[in-house]
Structure formats: C-alpha cells, structure tokens
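The same chain A turns up in both complexes below, where it pairs with chain B and then with chain C.
Let's look at the complex of A and B:
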C-alpha cells in the first residue's frame, strides 16, 4: 500500500518537484530570514559577548543599551571595588571617536579603553601581535574587518579594494597619533564600525575632554557569589546600575526590539514566507490529491479502509515535507556558509532548526488535512461516473 | 526514477549540513584572558583605593635661597646624602669679589685703629707730660687744657676706629653668609630622587612646578591612599590593609597605618591624567610598609584594600525600621 502511495507521489515528476520546491522555498524563507534577524540582533550585544571575562557590568542607571554611554566619575571604580563579594573591578572606556585616515577621510570608530595594568576585557582572538603590545606607547589594536575595509588605505587603482591596515601603520585619533600594534578578530557590531582597542588612560587622552570618562566598571564576582545578590548590593551601595552579562544582553536586545523597526520588518517577511510557502505547498499538494482522486476511489472501491488511505496521504505529506525541509535548511546553511566572510549578519541556532521544522510540519499537516477530508468524503462510485 | 533517490539524498545532505552549521556556528566566543590577573582583596568587606608610593619624609622639593646660575651639581640621582652635605653650588664670583673688598675694608679699618692708637698714645704722652709738671707757673693752663683735650679727642678717634673694625668684620661675616647660601645643602639624610638642574642653568628662587632637586628618605616608604569621601565613614584606623603592586598581583605587602591626614582634600587624579576632572573629595591615609618586601619605586601606584565593617544598605534600612517600630 505504501509503495502505491510512493508510486503515486513520485510518478508525476513535475508535480512532485513542484510540491517539494514549494516546501523548500517555504522552509528556506522561514529559516534564512530569522537567521539574518537573529544574526543582526546578536550583533547588537556582540560587544558584551566578546568581553567575556567579567560577570557584572556596572554603569549609569540611565544606560539603555550597550552603545548608550553615560560616563561615570573615576572614583566610582573604587567604590565598586570596595563592595564585598567583588573579586576585582576594572574600568573600561567605550566611545565613538573619529579616526583620520592617511588619505584624509574620516571614519568613526568604536574606541575601547582597557585597564592599563591588566588589560582586562581585550579582544577575544588576536590574529597578529599580542594584547600586551598595547603597553607600547601610542599602541592600538584594530579589528580585522575594520583594518581590511573601513580603516584600510585607499587603493592605488581607483575603485579597487583598499589596502588593509598592517601592524606598524599609523592612524590619527582625534589629532593624536596611534600606532597599530595588533590585529584582532572581534564579532561584528550592529553598526559595523571598526573597533579600536587601547589602554584606558590613552583612550582618555584620545577622547574629547570631558569631566567624566568612565563608561563601564567590569566586575568579577568572588568564587561562589550569588550574582543576583551581588548586583543588588552594588546597586544599593553605589546607586549605579549593575547587570549580569546575560541581563545586559537582554537589556540591549530589548532596546533594539522595542525601539527599532527590525523585528517588525523581519517578522513580516517570515510571516510572508510562511503564508506563501503554505499557499504554494498546500495548493500543490491539494491539487495532487485531487488529481489522484480516481486512484483513491479505485482503492476505496477495492475495499481499502479510510484509515489506510489516511496513512497513505500522511506518508506522502511527511515525505515531501521532510525532503522540502531538508533542502530548505540545507540551502540556508549553504547561504550562511557562502556569506560567512561578508558583512551580512547570519546566526543559525538549533532553536531555528526546530522553528522551521515546526513551520513546515504545520504547512504539511494543513495540506494533508484538506486532502484527507476530500478523500474520506469520497464516494467510491465516482470512479465509474466519468 | 533517479529523482526518487536524488531528492531525498539531497534533503538528508542538506539537513546534515544545516546541523553541522548549527553546531559549528554556535561555539561560544573564546574569552580573552586578562594579561595579568587583577588584584583582589583578601578581606570579606573592605574599602578599595588607589595608592601612590612616597618617601616617609615625603618628597622634599629642594629650593634655592638665591636666584643664581648653577655652577656645579655635587650629587647625581640615587646618591645617598647626609644632612648638611652640599647638593649644588651656585655661581659665587661676584660675592667672592665683594668679600675681597670687605676683607680689604677690614684691613683698612684695622690699620686705622693702629693709627688712632699711635695718635692717642702721642696725645696721651704729651698730656701726661703736662700733667706731670708740678709747678703750675711753668705751663699755661691753656696749654694744659689743649693737651688734655687733644688726648680725649684721640681716645674718641680710637674708639671710632675700633667700631669701624667691628663694622668691617660684620660686613665680612655678612658676605661669608651670602657665600655659604650659594651652596645648597641637604636638609635631612636621604636619597636624591630627581635632579632637574644642570650647571649653567638658572636656579629660580621661590615655588617651582618642577623642583630643582627632589630629596627623600627612602629607608621607610609610605603609601598615600585616597579614600572616597563616600566611604570615609567606613574607614577604621585599626583595621588591616594590604597593597598590591600593579601589573603583578603576586607582589603584595601588609600595611601599617602611619597617620591619617585629617583634612579631606579634593581628589587629584592619581590614576593617570594630570588634569583634575573629578569633583569628589578624598580622605588621605598614609601607610607604612617594609620596603624589602616589594620591588617598588617612589611615585608608583598601588591598589590598596583596607578591611572595613560589613555594610549593606538594606541592613541599614532594616535597622531604621526596627528603630521606628520600637519607638512607636
């Protein structure tokens, strides 16, 4: 019986491919669009992920997300350091500064100042040089994407690719000299600005003169400390905001969710993908059942039970569903792989695999139910009518 | 019929590739380790502060009493000097010339005394002769009076000449003092920490931003700790304190309190920038430590932790509520 079901399905190649294509397309769009969306959203807090060492971030209570810098007084660092349960607390400067390139153009960069003595919170992966090299005078570490592209030297051929920045090259940050001593790999940020790492005191001299320049205090909790308890203690003692790493990520993520059009835009395209996929696949599948109605009628007339017919249709649905789903996620993964070194944001977590699986199943179930209803209501006599 | 196998195979391959992407694409980002482990307090509850190492005597910025060109510098950085040892010499040529004049003046004054003495003895002998005549008719009383007065005048002249000698001697002493002021000496035993003056340069008298020479007693070092005024009430003079050297937390030393400066001063940024950016005030406590335990230099920054009583604001508010409850 199942063989007959398969025969019916595969027998008409055009239809078969049509159904599979519809489902592939639906599953592709349901996977790829959310993947891009998730990629973009993870970029919003990629900086927090990159600075993995501290447990807690302390900042001004009015900070809304990671790029929203409201500086603190320098003495706050020592107040935080003096709270029991704090293993260590380090200052960090983060700000946007204009870099002047060799050809005179300006490029806004994210400048990160690390504690002078310990260089806590540095880039996760160093491609060239060491983080220690920041101790050299005027030293800065530039991220590879920035070095290749936005901070690169202009190409000798007009319209060509810029020459990447190398170790030893000189930048100008706010009229001050900065020498590239290392190249790092960092996760791209939301606005894809180049990231420049330097020491805290040097970052302060690069930054425009302001009374307060301390952006964050990075805190490591003592072994066995309850982080929630410690953040509460920091908040109550200093009156500043303290978030655990996860909380700060959520804060940033929520800000982007509520204050930008990104979730709506991507939500609509995912929904459209779902609707279009469902419509195409459902309709093709339904058509296919309609055309095979005669065969089902014959089977029914031969005494096949409704239950068997139902299982046959379900088998067909499951088969095209899984093939379409497999192809769809495969194509998504291929897309992500092809785009891995470009500016495109792409993140493919396992939850997404389940999500698109559920979506495709939903479409298949929906198509199968309509077809099944049709078959169950079928009078075997129809075969002999035409 | 090939399509029968190709599509499912492709689908399986696609799914596997997607699964691979999921697994490989979601590896956690490696965490960048700190270059050196930051110092952490060995106490449960504590105050943290930035400390700066200074000499026990504090750092003495040596000044000059007289503005003058520097002739020679007698010490170099790192020299151990005893109290009173010369540090640098100022140009003394004109003072020496004046001294020569003053000495000549003294010699002249002394010679004048001899002349006055001779004149006096001459007048005295003439007067004595006249006084010795017993027969009053042999000499007129006018003559007698004249000789006596001449002796008195000569005596007054001698006293005046002697006073002049004293004056000239004082003049010489004055110039010698000036001469000795042209040699700047160490006020205490100590080590030369900085020399900012070289022969030929002009040493300005008065307060200077860059001191001519910095002297300090390094036998015992102090670390000056800034405690935020918000934390000052938690500070206890008897509690333990430790200091960590920046850059390597293995170097730590126990501190003993030397004294606390009772006046709370505006914070000067000890941490880096020279310009004062922060409008908070700090209590400064000075701690003593054994110099042999740390390879530390004067002027270096340290991370200091001072043990303090446990404090949490919620406990505070609980207490307040309790107090309110009991009073009502």
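Let's look at the complex of A and C:
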C-alpha cells in the first residue's frame, strides 16, 4: 500500500511539486532569516572571538558590551597582574579613530592597540606581512575588508571600485603617519568598520589625549585555575568588571538583544515566514488529501483499514516534508556559500537545522493529522456519490 | 437455493440535521447466488443506499441484511473490512480508478489489500486484464484510456480477487449505447457465474435485458420485482 501512497502523491506532478515547493519555501525562510540573524548577532562579539587567547577580560564595571569603551587608568593593569592565579595580564586599547585617506576624506576605524612586547590579541589570520611587523616604525595592520573597501584609494574611474590598500601604503590617524605593514583577515564587526591594529603605545599616541586610555586588561589564568573563581577575585580586589570570554560574549549578545530592534524585527520575519510557509505547505497538503478523498474512499470501500490509510498519509507527509526540508536547507546553505565573501552576515549552526527540521515536521504532522482525521471520518459510501 | 443477499425490513434514515430523509423504508429482498439482479427506479429512491448496505459500506438503522449468511451490522469493524476485501467487488459509474496508477496497478489494488505481494498481484492483474480484452493496455494510465476501456479496467479490478458479490452503480450511464452494451456483455460473460452474484443499480433501460430479475424501487420501497428466480 506504501507504493500506492507514493504513486498517488507523485502521480499528480503539479500538486506534488506545489507541496514540495511550499515546504521548501517554509524551510528556506525558517533557516535563511535566522541564519542572517545569528550571523549578525555573532558579529556583535566577533572582536572577542578574534582576540581568542585570554581567558578573562577586565574592564570598567559600567561597560555594557564590547564596543562600549570606558577607559581605565594604566595602573589598573599592574593591580590585575598582582592577583594570585593570573598567569599574565596585557593591556589593550580599543577605540574609534578617524583615518584620513589619500583623497583627503575621513573614515572612522576601530583602532586596536596591542601590548608592545607580546602583541597579545592580534588579528587571527595574517594574509600579508607578519604581526611582528607592527614593531616597525609607524606600522599598522589593516583588515582585508577595510583595505579593499572603506580604506581603499579612490578609483581613477568615476564610480569604479576603490583600489585596495596594500603593504607600504600610508594612512593618517589623528594627523600622525601610519604605514600599512600587514593585511589581516578578521571577522566582520557589527558596524563593519575597518579594523586597524597597532601597538598599545602607538595607539595611545594616535588617540586623542585623555587621562585614561586603557580599554581592557586581557588576562590569562594559571593552569588549573577556576576561571569563575578568578574573575570573582579580580572583581573583589580591583573593583573592576571581569568576565570570562564566554561571559563577555553573552554580555555583548544580550545588550544587542535587549537594546536594539534587531531580534524583534528578525523574530517577526521568521514568524511570518513560518506562518506563510506552514499555511502554504499545510494547505496544499490538506487540499491534496481532500482531492484524493474519493480515492481514499475507494480504498476504504475495498477493505483498506483506517490504520493503513493513516500510514499511507504519514508516508506522503514524511516524504514531501523530507524533500521540502532538504531543498530548503540546501538553498539556505547555497545562499550562505554564495554570500560568504560579502558584507552579509550568515551563520548556520546545527541547532538551526534542528529548529527548522522541527518546524517543518510540525507543519507536516499538523497537515497530516487534519488530513488523517478527514480520511478516518470518511464514509466509504462516498464512492457511490456522483 | 443459496442466498447471496437477504434483506429484511431494512431501514436507513439520513439525518441532515435540519430534516430526516428515509432512504430505505422496510426493504425486503432476497438475491440468489449466481443471479444478476438490477435495482431500478427514479433518482433518490434508495437504490444506491441499498447496494451500499449490501456491500457493507453503510450501516442500516433497522432490519437485517445478511450477505452470504453473515449479518454485516453485527460484525466488528475489522471483520467487516476483511469481509469486504475478500467478498465484494465494486464497479462505479465514474470508474473511480486511481489516476496515477496504470491499468495493471489499478487492478492489483484489491489483491494488495488482501496481502498479496505487489509483483505477484500485478502479474495476476495483467492476466485478468487479458480476460477483459485489455492485456495490451496494462501499462496505460486511466487518462490514456477511453471511457469503455476504463470501465473494463474497473470490471477487472472488481473481479481480480474473485469476490462472491459484485455491486455495480450505474456501470453504463457514462458510456455510449454500444460501449455500454459491450460492458454489460462482459459483466454477464466474465463476471457472472454460478458462484458469483451481481447487483446492478441502473437507470439505463437499454440494459434491462441482461438482468435475471429487476427490482423496481420508489421512495425507499421495493414496489415490484420482475422476472423469475
């Protein structure tokens, strides 16, 4: 009877494709929009991810997220270094500075100052040059996306693409010379601003003069240290905020979740997609069963049990669900692949596969249940009605 | 004389909510094994309801309807399904073939319902299609067949599992005179034999001659039975 169920489903190609397309659309919209949302939210803490090495970030207690810089006095670095359980502690400057480009225009950049001696917290991937080149006079490392686009030199052709910045080119940061000594690959930031790495002391010279310029103290815990315990000790000893890397990511993530309209906008978009997808797919599948009601009636009259008919409908639902889900998720993956080198944020973790899988299953089960109820209630005598 | 069907005081009332319609109002009818019985009468007189009760796809509200000695209304649902699957064949006015199955697959459906493997069922279905003159169209879809051919496929489907009772609802009304005549000849020659009974509901006076007996119905009653048993 499964063979008959499959033939009934696939036999009417128009309706079959309609159901599969409905489910494909539902799966696509249930994965693509959340993937963009996740990608965007991941960017909110991409800087923390890129820095990677330190276990604990120490900062002003009023800091709400990674870009909310409230500088500390340099002496805080030494206080943190003095706490037991700290293997090392390094300073980091992070701030927004205006870079003057060769055509005289200005571009705001994220300037990151790394500890002069160790260069801790540098870019994750160097594409050109070495991180040690930062020790050269006026040396800065620029991220590839910034170098290609916002920091690029103007195109000689009006409306043309900018000429990418390359090693040896010169920028001006706060009227001071900065020579590009390397190009790095970093994860895009939430605002997609160019990232410029330099040493801590040089960053301080680029930054407008302030009494406090230390943005973060990056801490590595001694082997075997309990990080939660160490963060508590740092907080109690210094009065500063101390977060593990994961905690700092969560803090940043939650700030964006609670203080921007992004989650609500995306949530509405995902919900609408789910409803539209569910309505299309569910309705099409239900209509398919309704239109086949007479055929189910014939099978019932001939002696097919409700249980067998139920399994036939479930098989049809599972088949169209699986194909639609596979196509939808495949299209989302293809979309993500096609957009991998663009400004678009995209993250497609396995949890999203589960979420969308559950969503599509829900649609199919719902549509199947309604269809099954209709078939179970069906009087086989319908077969004699004209 | 063995009886295929014995209806005694069968009553069926349709309750539509707003009104009650008595479709069968105390039907008494015996149909012998091997007999071709036609039920005739105006639209709405209860013919289709009566064959639905005889075929076990509709329960009467009162009275008894024994088919081969079994009172269908007393059967459990599963037993009734089994009874139908083994003993009843159906031929419909609108053929009711599954449009996405080819002729052989359509004919094999009752065998598959009865638990036969698909390949074996289709082999047997093809041989029955040959009996009805459609051996060469076994792989054709219903949409590729004429009305008469589709009805012959439906007859093959009704015959394939060797049921003891075949109920036909207006089997010729969708066909032209010649095709209808051919279908009736086929039913009489191939479907009917001493162990198998045919009950045919029809309006079509041109096929009355094929009947052993004709029960004339009106307003839920059998008003006359013509022909000798």
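Rule of thumb we're sticking to: the second predicted complex is superposed on the first by the 386 of 386 C-alpha atoms of A that agree within 3 Å, B and C clash if a C-alpha of one lies under 4 Å from a C-alpha of the other, contacts with A are read in each partner's own complex, and residues count from 1 in each chain.
One rule holds for everything that comes next: contacts are C-beta pairs under 8 Å (C-beta built on N, C-alpha and C of every residue); 3 or more make two chains touch, one makes a residue touch a chain.
Owing to the predicted nature of the structure, the values given are computational and were not obtained by experimental measurement.
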Open item on the list: So in the superposed three-chain picture, is A:303 touching just chain B, just chain C, both, or none of them (first/second/both/neither)?
Closed with: second
Open item on the list: One more residue to check, A:294. First (chain B), second (chain C), both or neither?
Closed with: second
Open item on the list: Just checking: does A:120 make contact with chain B only, chain C only, both, or neither of them? Give me first, second, both or neither.
Closed with: first
TODO: Please indicate which partner A:348 is in contact with in the superposed arrangement: first for chain B, second for chain C, both, or neither.
DONE: first
- [ ] For A:20, decide between first (touching chain B), second (touching chain C), both and neither.
- [x] first
TODO: Answer with first, second, both or neither: which of chain B and chain C does A:1 touch in the superposed model?
DONE: second
- [ ] In the three-chain superposition, say which chain, chain B or chain C, touches more residues of chain A.
- [x] B
TODO: For A:12, select first, second, both or neither according to whether it touches chain B, chain C, the two together, or no partner.
DONE: second
Task: Shared chain A surface residues [contacts with chain B and with chain C] - done: 10
Task: chain A - residues contacting chain B, complex - done: 10, 13, 16-17, 20, 31, 49-53, 73-75, 78-79, 81-82, 84, 86-90, 115-125, 131-132, 187, 200-201, 204-205, 209-213, 220, 222, 233, 236-237, 319, 322-334, 336-337, 347-350, 352-353
Task: Complex contact set, residues of chain C against chain A - done: 48-49, 51-52, 55, 57-58, 78, 81-86, 88, 90, 92-94, 96, 98-101, 105, 109-110, 112-114, 118, 169
- [ ] Quick one: which bits of chain A touch chain C in the complex? Just the residue numbers, please.
- [x] 1, 3-4, 7-8, 10-12, 294-295, 298-305, 379-381, 383-386
Task: Complex contacts: residues of chain B adjacent to chain A - done: 1, 3-4, 7-8, 10-22, 25-26, 28-41, 43-50, 226, 228, 230-231, 234, 246-247, 267, 269, 271-273, 275, 277-280, 282, 305, 308, 310-314
